[in-house]
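These are the structures in question, set out in turn.
After this come two complexes, each holding subunit A, first together with subunit B and then together with subunit C.
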Partner chain A sequence: MTELSIVNVTKRFDETDVLKGVSLDIADGEFVSLVGPSGCGKSTLLRIIAGLEAQTSGDIRIAGQSVVDRRAADRNLSMVFQSYALYPHLSVADNIAVPLKMRRLSRLQRLPLAARLLPSGRAASRKIEYDVHQAAKMLEIEHLLNRKPGQLSGGQRQRVALGRALVREPAAFLLDEPLSNLDAKLRVQTRAEIAQLHRRLRATFVYVTHDQVEAMTMSDRIAVMMGGRILQCATPETIYEDPDHIDVAEFICAHKINILPVEIADDGQLHLLDRRLELSVVGAGRGVGSLGLRPEALRLAGENAPIRGHVVHRENLGAELFVQVEVAALKERVTLRANPEQRRALQLGSPVGLEFDPAKALLFDPHGKRLRQLRPTFAAKPEVA
Partner chain B sequence: MPAPDVPSAGKASTPPPTPTNSAPVIRDYRAAWTLTGPALILMVLILLVPVAIAGLLSFTDYSLGSDSFNWIGSANYEKLFTRASYEKMFVATLTYVVTVVPLSVALGLGAAILIHSLGRFGALYKTIYFLPVMATLLAMSIAWEFMLHPTIGMLNRTLELGCGTLLERVWPFLANGCADRFPVWLGDKRYAIWVICFIGVWQGFGFNMVLYLAGLTSVHRELYHAAEMDGARSAWDRFRLVTWPALGPTTVFVVTITCIRAFQVFDTVEAFWPQGGGPNKSTYVMMFAIFEKGVQQNLIGIGSAITMLFLTFVMFLTLIQRWLVERKVHY
Partner chain C sequence: MTRDWWKHLILILGMIVVIAPFYLMVSYSFKSPGEIERGEGGFFGRQELMVDERCVSLRAPDRKDIAAASQRFPGQTENAIRTALIAEAKSACSMRPVVFNYTKAFSEAPLLRYLLNGIAVTVSIFLIQAVVALPAAYALAKLKFWGREAVFGLVLFCLLIPVHAIALPLYIILAKLGLTNTYAALVVPWTISVFGIFLMRQFFMTVPDDLIDAARMDGMGEFAIVWRVMLPTAIPALLAFAIFSIVAHWNDYFWPRIVVTGNRDLFTPPLGLREFKGDGDGSYFGPMMATATVIVTPLIVAFLLAQKRFIEGITLSGMK
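Here is the complex of A and B:
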């Protein structure tokens, strides 16, 4: 049982608050990604969990026990670093063996040759050798065991770093952007492998990344961090379909989400571009909100559609087509995802009307907080006619 | 349209046929010789030719100014390996090298690690330890001569303060000094070579410290974090696992340069004992022997023989260094 709790952790560097009270509970065997733009404090949080950095206040608990007064070496956590941090003078086998040697052998046994001369050391060394081989087998790097890190490719080094982390069965794995030094193709492949590894080991993983695709594809839950706070922590589906905050909606997306200004009337009725929508909100005051519409929530419609403009740019991805539409009253272009069959209607410059599925519309208040109480307003007066 | 395009593009991408590129090769040769020529000529003129001449002279009894000389075969070398004074030369030189090299390398490394871990005052300590390197050793020798003076020197005066205190009881050396007299540091054959060694370490380790400081800045910080996560709890574990291996290339260079500098020790010996290599020739180091034979006594033949021996030592060290560098550097 190695659940991990982060309780109200803050961190100050000189004058700047890097973490402003972060709390997160991670269940045993869960894969949680910390994702956010650079400088949001995600790496700092991971290093505080690891014990490489001290928090200003707050508590870290592993399996229910506070570990704030334990140093990193005594927290029984493994970490994979962005630079892999392999010892360049040691072979792959020795690199993977280091955490075992440091923990299982006494200082006397670690002296050169002592492992061979002392009988107790010999038995321990054999066990270590066996464990190293098991780890190498799991990662399919057995043929590399005698090489030095300098002779390995980026992907191979990454596996060795993983091997060094998993060889000693730690309470949890901490991964700090482990894929960011790989090329795009290898990244996709390794992504799947790490997810498989997690399923096989059933261990707790905390994964830091700035890449929302990595977070979406691998995690059980994603914690979206911004400005030193966790804005939302939920499953990838919830984060995508039901974000709590406009920043979450804008950060987690394959294609940029369309943010349109809407007016909220006293009775909650919504107006977009001076047109009454068949939608109202409950419990929000009068003001200007934002309507978030993902490109796939929009669809082509006739002359009478609420959003009208003309096509200014097309991106054909083969299976789908992304079209940027310039709308006269809006500063930013609206992006629409269309099927390739609709290509003909979406020539550059051609006028289009867009409507959206009210169920997929995300409404945010002026501070960016999500307003969930949307109601369809059916009895619409024929204003347009 | 595209059909005729394809084959021509294919032809263009194949390499040009071989017969036409012999002329460029000759031109390349000429360019290479033109560019390296000046350096080669200079190297031959000011390095290889003098060494060859010294090598030839070491088989003669030539002295500067005389019109002729005799070939005397290996007589000079036989002298080097049979006479007692040259035996003392080897003993003094090796004692100096074997003492100064490990001490100044270890102290340089220790000082570098301590300074590297300092937040403030690092620059101050760097300056303090590097000052002796910049100072003229000949001038420093005079200062040391005053400090080591048997009666009015600072060292013996300080030792005298310990007389009559508890220190005298726990330190026999001090007790003897108080009862009789304190050593004549530079005039006693038991101490002279160690004084030279001490000054050599004092003067040289700051240089090693600077080299090690440069080496330490290139150690990846994440490696220390990885070592901590892997369970390296003590500073010694981190040193063994990360720092020392990372400093390997630096250490090879530092040891070689320190060895060569140690073989070249001369200034202090010349300043303290201009007439003969210390009490009972106990500090008769190689460089001083070359100077004495070749310059003072105008025995060019024997001077050249010692020089050849000196060059052999240095060459040997350089070869070891090259071998270590090619074998051990792991990046």
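Here is the complex of A and C:
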């Protein structure tokens, strides 16, 4: 049982607060991604969990025990680095064997030749060799064991780094942007492989990335970090469909979400572009909020649609068509996802009307917090005298 | 004729300036004293048989020798026997100038002993320098601690101090400790090389932090990181430093001259040159240059053998 707990961790570098009180519980065998833009503190948090960096305050617990006083080596965690960090002077087999040698062999047994001369060392070395082969077999890098890292491709190096991490069966794996040095095709392939590896090992994974696609495709849960805080931690589906904060909605998206200014009246009635919407919100004060509409939440409509503009740009991806619509009263263009069959109606410059599904509309207050209490209001609602 | 001929001309002139002293050294080591003095005989000299006057005067027969030799020359006068003996001595003491110079170099002074001393001293200096400089450079490059910048500032400051300025105080310290005329006096003052620390620190700065973090995750302590991770990646830089260190201390004449005063067993190769310094009877340039050639040869041979690695080390291109 190796659940990880991060309890109210803060970190200051000189005058800047990098982490402002982060708490997160990770269950045994769970795959959690820390995702956020660069500088949000996700890598720092991972290094604090690893023990490579000391937190300013707060606690890290592994299997219920505080590990704050333990060195990185004694926390029984493995880490895979963005640059792979393989020892350039050692062969692949020796690279993978290093963590085992440092743990299983005594200082004396680690001396050159000692492994061969001491009987105890010989047995231990044979076991290490066996384990290295098992790890290499799992990652299909057996044929590379005698090469040096310099002779390997990026993807192969990545596997060796994974092998070095998994050979000693750690309490948890920490992965720091392990895919960002790979080319796009290999990244997709390795993504699937890491997810499979997680399923096979049933180990706890903490995965840091700035790429929300990686987070969405691999994780059990995603923790979205911004400005040194976790804004939301939930399953990928919840994060996408039901974000707590406008920043989460904007960060987690394949195509940029449309953010439209919306007026909230005293009674909660919403007005978009000076038009009364068939929506109202409960429990929010008067002000200007934001309406988040994903491109797939919009659909083409007739003259009477709430949003009207004309097409200024088209991106045809084959299976789907993304259309940018310029709306007179808005600074930013509105993006719509359309079916390829609708291509004809969406020529450059042609006027379009857009409406949206109220169930898929995400409303945020002026500070970016999500307002969930939406109610339909009907245009034909009789006025109370 | 290419348009760049003038570049080659400049390079050739430069080469002549650099090569000329070596040319003279090697050439003198081949020639007889007369040829050296008169400046004749080309590069190799004429290699005519020459007579070592000193050897002859040492063998000059006295009354006892003549009495002993009288049986070999029956019925001759003492004068005739003396002349015959001197002629024998002359033929025994005559040899080719090359042979003369090089045998002189090894016989007049225990040059072999000096060479071994030189190896012992330079190798110990380099090994201890590496043992000190690598951890120091690692700490200065990769560890965060209070006062790190100040310590590095001191390292840079020490780079500016010339050896000769502190030679006298160093000598006094060693004398007070009773260490003059020992190997320790030749080695100890050089064991902390600020240049080595500086050079290795600059190299370690280029080693990615991830590599060190990975080693920590794998269970290595800080010293294990220095010897098992930093040292193997720093081999090119360490080789570059080895060149500087070994060349400087192998060729050093100044410091051994100061701390080794009486005991010839401790002489390093450059001190061997002093053996042929002219006293009353003129300088022995031939044997002196033969000694110099012998001293320089190991360095040149080592350079030629390891030329590729050396240049790699100096340009620090071995690391990706």
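As a working rule, the second predicted complex is superposed on the first by the 378 of 385 C-alpha atoms of A that agree within 3 Å, B and C clash if a C-alpha of one lies under 4 Å from a C-alpha of the other, contacts with A are read in each partner's own complex, and residues count from 1 in each chain.
In this text, a contact is a pair of C-beta atoms (placed from the backbone, for glycine too) under 8 Å apart; a residue touches a chain by one contact, two chains touch by 3 or more.
Computed from a predicted structure; not experimentally measured.
Engineer: Are subunit B and subunit C a fit on subunit A, or do they clash, once the structures share the same frame?
Structural biologist: Verdict on subunit A: clash between subunit B and subunit C.
Engineer: In the overlaid three-chain picture, which partner chain does A:Arg164 touch, first (subunit B) or second (subunit C), both, or neither?
Structural biologist: A:Arg164: touches subunit B and subunit C.
Engineer: Once the shared chain is lined up, is A:Met102 touching subunit B (first), subunit C (second), both, or neither of them?
Structural biologist: A:Met102: touches subunit B and subunit C.
Engineer: Using the touch definition from the top, say if A:Leu77 reaches subunit B (first), subunit C (second), both or neither.
Structural biologist: A:Leu77 sits against subunit B and subunit C alike.
Engineer: Between subunit B (first) and subunit C (second), which, if any, makes contact with A:Lys148: first, second, both or neither?
Structural biologist: The first partner, subunit B, only.
Engineer: Is there a shared patch on subunit A that both subunit B and subunit C touch, and which residues make it up?
Structural biologist: After superposing on chain A, subunit A residues 47, 50, 52, 71-73, 77-79, 81-83, 85-90, 98-99, 102-103, 150, 164 contact both subunit B and subunit C.
Engineer: List the residues on subunit A that touch subunit B in their complex, please.
Structural biologist: Within the complex, subunit A contacts subunit B at residues 47, 50-52, 71-74, 77-79, 81-83, 85-90, 98-99, 102-103, 148, 150, 164.
Engineer: Show which residues of subunit C lie in contact with subunit A when the two form their complex.
Structural biologist: Residues 208, 210-211, 213-221, 224, 229, 232-233, 235, 319-320.
Engineer: Would you pull the subunit B residues touching subunit A in the complex into a rising list?
Structural biologist: On the subunit B side, the touching residues are 220, 222-223, 225-233, 237, 241-242, 245-246, 248, 330-331.
Engineer: Residue numbers of subunit A touching subunit C in their complex, please.
Structural biologist: Contact set of subunit A toward subunit C: 47, 50, 52, 71-73, 77-79, 81-90, 98-99, 102-103, 150, 164.
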